[in-house]
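Note that subunit A is present in both complexes that follow, paired respectively with subunit B and with subunit C.
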Partner chain A sequence: MILLVELVTLREAITYSCILSFLAVGITLLYKTTKVPNFAHAALATLGAYVTYSLTSLLGINPYLSLPVSFLIGGLVALCLFFLVLEPMRRAKASVTMLMIATLAFDIVASGAINAYADYLQTTFKISARNVSLIRMDFQIASLPGVFLTSITLIAMTVILLYLLLNRTYLGISLRASMENQILAETIGINTTFTLMLSWFIAGGLAGLGGTLLPVWTQIDTGVGMVFIASMFCASTLGGLGEIYGAFLGGFLLGFAELLGTVILSKTLGTWVIPYRPVIPLIILSVTLLVSPRGLAGILVRRRSK
Partner chain B sequence: MLEVYSLNSGYGKLHILYDVQLNCKEREIVAILGPNGSGKTTLLNSIFGIADVFSGSIKLDGQELTGLSPHKIAKMGIGYAMQLQGIFADLTVEENLKIAAKMVGITNFDEATSTIFGFFPDLKKFLGRKASTLSGGERQMLTLSISLIRKPKFFLLDEPTGGLSPLYSSNIIRSIAEINKEFGLSIVLVEQNVRKALEIAHRVYLLVSGRINFEGTPSELAAQKDLMKLYLGMGE
Partner chain C sequence: MITESIFFLFVLDLLAFFSIYSILNLSLNVQYGFTGVPNFGLVFCVAGGAFTVGFLSTRLAAWIFSIDISGLNIIDDNLIIVSKINAVIASQPFYGILLLIVVLVFAAVVGAMLGTLFSLPAVRLREDYLGITFLAFGEILNVIGIAYRDLVGGPPGVNVPDVWAWASGWRFAASTLTIVFIAALIFAYSEYLIRTPFGRVLRAVRDNEVAAAAFGKDVARYRLAAIIIGSMIASITGALYALYSACVTPTFVRFHWTFLPWLMVLLGGVGNNLGVVMGTAVFYTIYKLIIYYKFALAGVVPFDVVWLNYILIGIAVILVLIFRPQGLIPEKPKKMEQT
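Our next item is the complex of A and B:
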C-alpha cells in the first residue's frame, strides 16, 4: 500500500499531522483542566495564521519569526476567553454545556473580528487577505520545505518541553494535580484559578503555533480554523480526551489517515473521493467512540491492567 | 481555636446545615458523629470554603474564614483529608507529598518526610509508585501524610477509616491519636465508626439532619442511651 504513496505525500502527511497535533493537544489540555470542549480553538488557529500572514506581508520578515508572537497572542486571546467569558460563568455555576456553547459564541465573535481585520488589511494596506498563502516565502533545505522541517522540530520541542514542565517542575505537578481533582488541589493550597489560566495560555499559544504553520503550508482564509475543527476534536478524542500525550499520537494517526487515506482512495477508486476527505475524521471519530471511548489511552490502560 | 457560629450552609439552593455551633480548641480531638446524610462532610466542606456558606461565621484563631477560597484557607494552617479522594491518583507518591509540602513553602523534602515515615514507614517503599496502584489502607496513609507534611495547626479528617479492613481501621485510628499527641495537632474527626471515634475523641458533637443534637464528652454521649441507639445504632 505504501507504494501507492509518494514521498511528497508522506511529507505532507507529517506536516499536517504536526499542525493537527498542536491544535489537538490544546483541546485535550483544556478538556482535562476545565472539562470544556473548546470550539474557539478554530478561531485561535485562524488568529495564529493571520498574525503570521500580517507580520510577513507588512514587515517582510521570515514567517517563522512570527512564531513567538503567534504563541503570545494566541495565549493572551485564550486568557481573555477564560477571564471574560468562562470564569464569570463558572462562578455562576454554569453547566459544561453552557460553557461549551459560550466557546462556540466566542469563536463566532472572534471569526467576525478576524474577517473585519482581513477587510482592514485589504482596504488600508492594499494587501489581499483572503485565500492567500506564504508558501513562496518558505525556505528549503536539501529540497525539503521549511514548513516540514520546522513543524517536526517544533513538535519535538513541544513534547519535550511539555514533559519537562509537567513532570519536572512544581508548577507542572500542580497543574497535573489540578487537572485530576480541583477541589483536592485547592485543599493543599494550589490556586486552581492560576493553574487554569496557565492551561488556557499554553493551549491558546499552541493553537497560535499551529496557526502560524498554516499559511506556509496551505492557502488560508478567515475560516481556515473551522475547516480543521472536526479533525482537531477527532485527533483529541482518538488520543483519549484525558491524555495530553495521547493528543500528539491522535494528531499523527489522524493526520496520516486523513491525508494518506484520501490519496490511496483517490488512486484506487478515482478522484471523485477527494471532496469527501472531511468524512475520514468523522468515520474515525465514530469508530473510536464505539470501540474505545477513551481513545488510544484507554486501550493502553486496558493492556497495562491485563 | 477553630470556632463555628450559627452556620447555615449547603450547595447552591440545597440548605444542609442549620445554625451549627462548634469549636475545637488547641490539641483537642473533636469527633463529629451522626447518621448518614446528616451533613458531617458538608460541615467540613463549609469550614474549608468548598460548600456555600449562607450565613454564620467560621473563625480560625479569631480570623474569619468565610468567603475565602480553599487554597487561601489551606495556607492558613488547616489540613483537610477528604473522604475517598484525598490523593492524586495520577501522580506518584513522591509527587503527592512534594507538591503538598511545596505549597506551604517547605523546601527540605527529606526532613519533612522523615517525620511522616516515622508514622507510616511503608510509604517510603512506595515513593516512586503511582498513587493509583496503592491499596485502600496505603491510600489512606498517603491521604493523612499529604495533610501532615504541610504541618497544619488544625486537621479536618473525613471518614479516615472508610472502606478499610478492621485491622487497617485500628491502625489509622491509633495513628490519629499519636499524631494528636506528638504534633500537638487539633483534629476535627468525622467518623462512621462510632466506637473507635469515641475511644480517641476529647469531645463529641452529634449532628442530626443538619443540626447539632448533642455536645459533650464521649462518656457523656455514651450515657445518653437513647441518642446512641436512635442515631448511632449502638444498642445495649
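Our next item is the complex of A and C:
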C-alpha cells in the first residue's frame, strides 16, 4: 500500500478543517435560532483576518494575542447585522428569502468596507494589505507550526465550552429552548430576543476566530472569506443544518475531503486537477442534498429511530 | 461635435446595458417574482451563456464560413482568426445575423442544462436550501474558465467575432438596437407567460405551496420549469453581453450579475414585469451616472471610490427591504375571467 499523503498534508487538512468548523458551527447556530442561512458569514471571517493582520503589522504583537479582539469585533458586527437589519425585518414578518437577501446585502456592505479599509491601510500606513500573510510571525513547537496547535486547542475548547454553555447554564438552556420552540420559550418567560442576540454574538465571534487563523495559515486577500463560502455552507449542510455538533463533523469531513481529495487526485490524475478544488464542496453539497437533505445527522437519527 | 458623439455613445451604451439588465432582471422575476425561487446564483447561468459564446462562436464561425484555420491555435491565434471572421461578416451581414442567432440558441440550451444541473439537488427542498445551493454554485464557472484554457482562454480571456461587423461605423447603434429588440421580445414573453395557466400555477406555487400541491400540481416540477426558463434567459443575457463587448473573460462576479439584479427587481416590484423594467431604468441610469462622475470623489476619500459604491448599494438594498419590501410598483392582482 503506497502512502498517498504525507503527514504535512494531513496537518494542513486538520488546520483547514478546524477553520471550516469555526465557520460552519456559526452558520448552523444561526440557522437554528434565526432560521436564516447567514450569507454574510464569509465577510465576518475576512473581518477577523484583517483585524489580526492590522493589529500584528501595526502594533507588532503576536498574531494570537488578537484572538479575543477578533472574537469581540466579529460578534459585535454580527450583532449589528441582527439588530439593525434582520430584527426590523422579522418584526415586519419578512420571508426567509427576504432575510437571505438582506444578509447578502450586508455581505456586500461589509466587503466594500473591508476593501476600503485595505486601501486605507495601504495609503495611510504604507503597508501592503492585499495578498499578504503572517506565516513568518507564527511560532513553532517541535517543528509543528503554531497555527496547527492553536487551531486544535481552540476547537477542543470551543466544543467543551459550547457543551457546557448549552447544557449546564441557565442561559444556554434558555437558548436551546428558544431554538426548539420560540413561542413556547416566550410563554415561560425566556427573553428570546436576548437569546437570539447571544447566538449572533457567539456565531460572529467564532467566525472572527476562524478568520484570525487564516492569515497565519495562508495568504489572505479582501475576498478570502468568500473563497470558502461554498465550503462552509457545505460543511454546515453535511453536518445537518439543525445539528450544532454536526457542524464540527461536517467541517472535518469536508476539510479532509477537500484537501486530501485534491492531493490524492493530483497524484493519480496529474497536477491539472488542483485548480478545480472548489468543485469538490459543490459535488459533496449536491450529493448530500440528494441523498439526505438533513445531512449526516439525518442519517444517524433515522438509524436511531428504527 | 466631439462632445456630441461622446454623449451619443454614452446614451447608446446606457441603452444597451439597460436592455441587458432588463433581460436578466426579467429572468429573475420569472424565478423569484412569479415562482418564489430565491436564485442567488444568477451569475452561474450568465457566465454559462458568455462562456458558450467564448467557446463556440469562433469555432462555429470558422466552420460555417469555411475559413482556413489549419496551423492556427484557436486560443493562441485567437486575434488572427477573429479578424478573419470579422472580415467575412463585414462583407456579408447575413453571416453575422446567422451567427448571432445560432450562438443565442446554443446559449439558451446550455442555460437550460446549467439551470437543471444546479437546481436539481435542492428543487424538492425548502427555499433556504435552494438559496444555499444557488449561492454556493454562483461563481464556480470562473474557476473552471480560469483553469481550463480551451474554454475561454484562461485568465486573459478570448476575443469573440463581432457579429455586427457589417454595420462598421454604426456598430454600436446596430448592436444596441438588436439587444433592445431581444429585450422587448423577452418582456412580451414573460408578460404572456404570466397570463397562461402555467403562469397561474407558478404564482400558486409561490403563494401557497401546500394548496398548489393539494390541487395536484407537482410543486418541484413547476419550480424546476421556472428555473429552466429563467436560466435560459439569464444565459442569453450572458451571451448578449459577450457579443456586445466582443470578448469573454472569466470574471463574472456575484456583485454585478446577481446582486444588482436582485436590487433592481426588489426596487421595481417583485412579480411585476413593467415595474422590474422601470426599476432597471431608474437604477441603472443613476448607477451609470455615479460611475461616470465618480472621479469627482476620487482623492477626497482615502480609498478606491468603487468600494463606496458597494457600501451605498448594499445599504440601499437593506433600506428597501426594511421600509418598502413590496418595491416601488407592487404586483397588482391579475384580472380573472368570471364564470
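Things to note:
Simple rule for what comes next: the second predicted complex is superposed on the first by the 304 of 306 C-alpha atoms of A that agree within 3 Å, B and C clash if a C-alpha of one lies under 4 Å from a C-alpha of the other, contacts with A are read in each partner's own complex, and residues count from 1 in each chain.
Note that in this section a contact is a pair of C-beta atoms (placed from the backbone, for glycine too) under 8 Å apart; a residue touches a chain by one contact, two chains touch by 3 or more.
No experiment lies behind these values; they were computed from the predicted model shown.
Aligning the shared subunit A places subunit B and subunit C next to each other free of steric conflict.
Counting the residues of subunit A that each partner touches, subunit B and subunit C differ, and the larger count belongs to C.
When both complexes are overlaid on chain A, the residue A:6 reaches neither subunit B nor subunit C. By the document's definition of touching, of the two partners only subunit B reaches A:191; subunit C does not.
Looking at the shared chain after the overlay, A:293 reaches subunit C, while subunit B stays out of its contact range.
When both complexes are overlaid on chain A, the residue A:180 reaches subunit B alone and has no touch with subunit C. By the touch criterion defined above, A:96 reaches subunit C but does not reach subunit B.
Measuring only between alpha carbons, the smallest separation of subunit B from subunit C in this overlay is 15 Å. Once the two complexes are overlaid on chain A, none of the subunit A residues touched by subunit B in the first is touched by subunit C in the second.
Contacts from subunit A toward subunit C in the complex involve residues 31, 35-37, 39, 85, 88-89, 92, 94, 96-98, 100-102, 104-113, 115-120, 123-124, 229-230, 233-234, 237, 272, 275-276, 278-279, 281-282, 285-287, 289-290, 293. Within the complex formed with subunit A, the residues of subunit B that make contact are 12, 48-50, 69-71, 74-75, 79-80, 82, 85-91, 95, 98-100, 102-104, 146-147, 150. Per the touch definition, subunit C reaches subunit A in the complex via residues 32, 36, 38, 40, 120-122, 125-129, 131-133, 135-137, 140, 143-144, 146-147, 255, 259, 262, 266, 301-304, 307-311, 313-315, 317-318, 321-322, 325. The residues of subunit A lying in touch with subunit B in their complex are 93, 170, 173-174, 176-177, 179-181, 183-193.
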